[in-house]
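All chains are identified by letter, namely A, B, C and D, in their written order; residue positions are counted from 1 within each chain.
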Amino acid sequence: MSSITRISISLASDVLEKFDALSKEQGFPTRSEAITHLIHSSLVQQQWADGKVVAGAITLIYDHHKSQILQKIVDVQHDFGNLVICSQHAHLDRHNCMENIIVRGEMRQIQKLHQGLSAVKGMKHAVLSMTTTGKDL
Amino acid sequence: MSSITRISISLASDVLEKFDALSKEQGFPTRSEAITHLIHSSLVQQQWADGKVVAGAITLIYDHHKSQILQKIVDVQHDFGNLVICSQHAHLDRHNCMENIIVRGEMRQIQKLHQGLSAVKGMKHAVLSMTTTGKDL
Amino acid sequence: MSSITRISISLASDVLEKFDALSKEQGFPTRSEAITHLIHSSLVQQQWADGKVVAGAITLIYDHHKSQILQKIVDVQHDFGNLVICSQHAHLDRHNCMENIIVRGEMRQIQKLHQGLSAVKGMKHAVLSMTTTGKDL
Amino acid sequence: MSSITRISISLASDVLEKFDALSKEQGFPTRSEAITHLIHSSLVQQQWADGKVVAGAITLIYDHHKSQILQKIVDVQHDFGNLVICSQHAHLDRHNCMENIIVRGEMRQIQKLHQGLSAVKGMKHAVLSMTTTGKDL
């Protein structure tokens, strides 16, 4: 992390009042933290729009009794082997599993991996969280 | 609009540098305008999450040759008559029309109107833009 | 519009039951209409991801008393003149206007126009609805 | 999982052709799988809109050198102790960590936990993946 810069900005007074109320409700310790949060989200969105190297998490929901599904999930990951950092598995109930795969790499590749996992026979749901490697924030 | 307040905030220097570059690329005249834009978006999102009185636009794409479709679109609007302010119609080609319906009212009601229009037989696409009456910004 | 094809698909019985209940609640007249709706949304999303020629609506909220804002909104539109088909204006209250601009063209250009309008000094909110020219649906 | 039902639906032939092409490109083994995928997404979206018991994953990006950040992240989780199933931690580089928290519970509670983690001082990014416990799919 880097040094801190102090800047001044001008805002409409009633907008500022509403933003302060919202930030307090959301639990931000200071106005600077609340604005930093908005700026971070905006920069992460831009990283994905620009197709840069990003990080993400792919969340899968499936019934592990489905024939061959574990094998197929691993196979697809190996097709994109350099993207996957690690994964975590939770037993939601007797049938349903959640698997969380942490990935880092070129945006298009991550989207293809997500698409490949979505299309595995028997997959119930597959969501991609778009976040950042943190390097630029 | 109200008076203007000048505030100071502290940001990590490298984040500020990246945000300034992005804001310039996006065409914001000043840093204050760029941050105001983020705050406005955040407040509008909150208005929708809280189910407040909001404004929106519903965009429909359909083939006007589809039997009875114009009649049905008008009928659904009349079921929610107090929501609709006005609407606009554009001929995209010989078959396809876009219709834009400007609405204002309680969030849940607007979502129901959007759902009702989405379900009209022959509707190709129906999108809801979530925005604000502007009163609180 | 084209001819109709009848296809058979296999679904888990309990998923089908839940989908039928949801479709009924959403007002779809038939199961075919409800599934067509999902397919249309998926195809439109793909058109935008592929950067094809698409249609959209840009919804602006602003206070028309803001100095020069009407002029600037028109100026930005003229920079992308071939995208704009028509626009519609509603008076939400004494201060606030909603403007709805119907656009058609290459996806990246539409996003740039939306960005340009978002950055106009005094703009309260600017949303882009992503839809289709209807030709491919 | 339950028994399988075979149903027939009617689709515009040209839409079907485009959908088949897209499904093939996305890697779905059959038309039934591709349509099931759309139905699942629609049902999960509805579960979240209805505020039901759902599952999710919260992905955090932060610099673990930030004073007290690990302690605060754990504290917030304990405030919502019954939601968290487990969590996973990956070292993205010398400074940046990704943490993935698997949660299950009432939708509003999950959103509050996400909000609380977003507001922790020093948090770079916090995303919520909305998925399902799998029971209803």
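Operating definition for what follows: a contact is a pair of C-beta atoms (placed from the backbone, for glycine too) under 8 Å apart; a residue touches a chain by one contact, two chains touch by 3 or more.
Since the model is a prediction, treat every value here as computed from it, not as a measurement.
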| item | value |
| --- | --- |
| Chain A-chain D separation of Cα centroids, rounded to whole Å | 9 |
| Chain A and chain B, separation of their C-alpha mean positions in angstrom | 25 |
| Shared-contact residues (touching 2 or more other chains) in chain C | 1, 40, 137 |
| Contact graph of the chains (line, ring, star, complete, other) | ring |
| Every chain pair meeting the contact rule | A-B, A-D, B-C, C-D |
| Chain C residues within the chain D interface of the complex | 1-16, 18-19, 22, 31-32, 35-36, 38-40, 42-43, 46, 136-137 |
| Chain D to chain A touching residues, read off their complex | 1, 26-29, 33-34, 37, 40-41, 44, 55-57, 59, 61-63, 65-66, 85-88, 90, 92-93, 95-98, 100, 102, 104, 115-116, 118-119, 121, 123-125, 127-135, 137 |
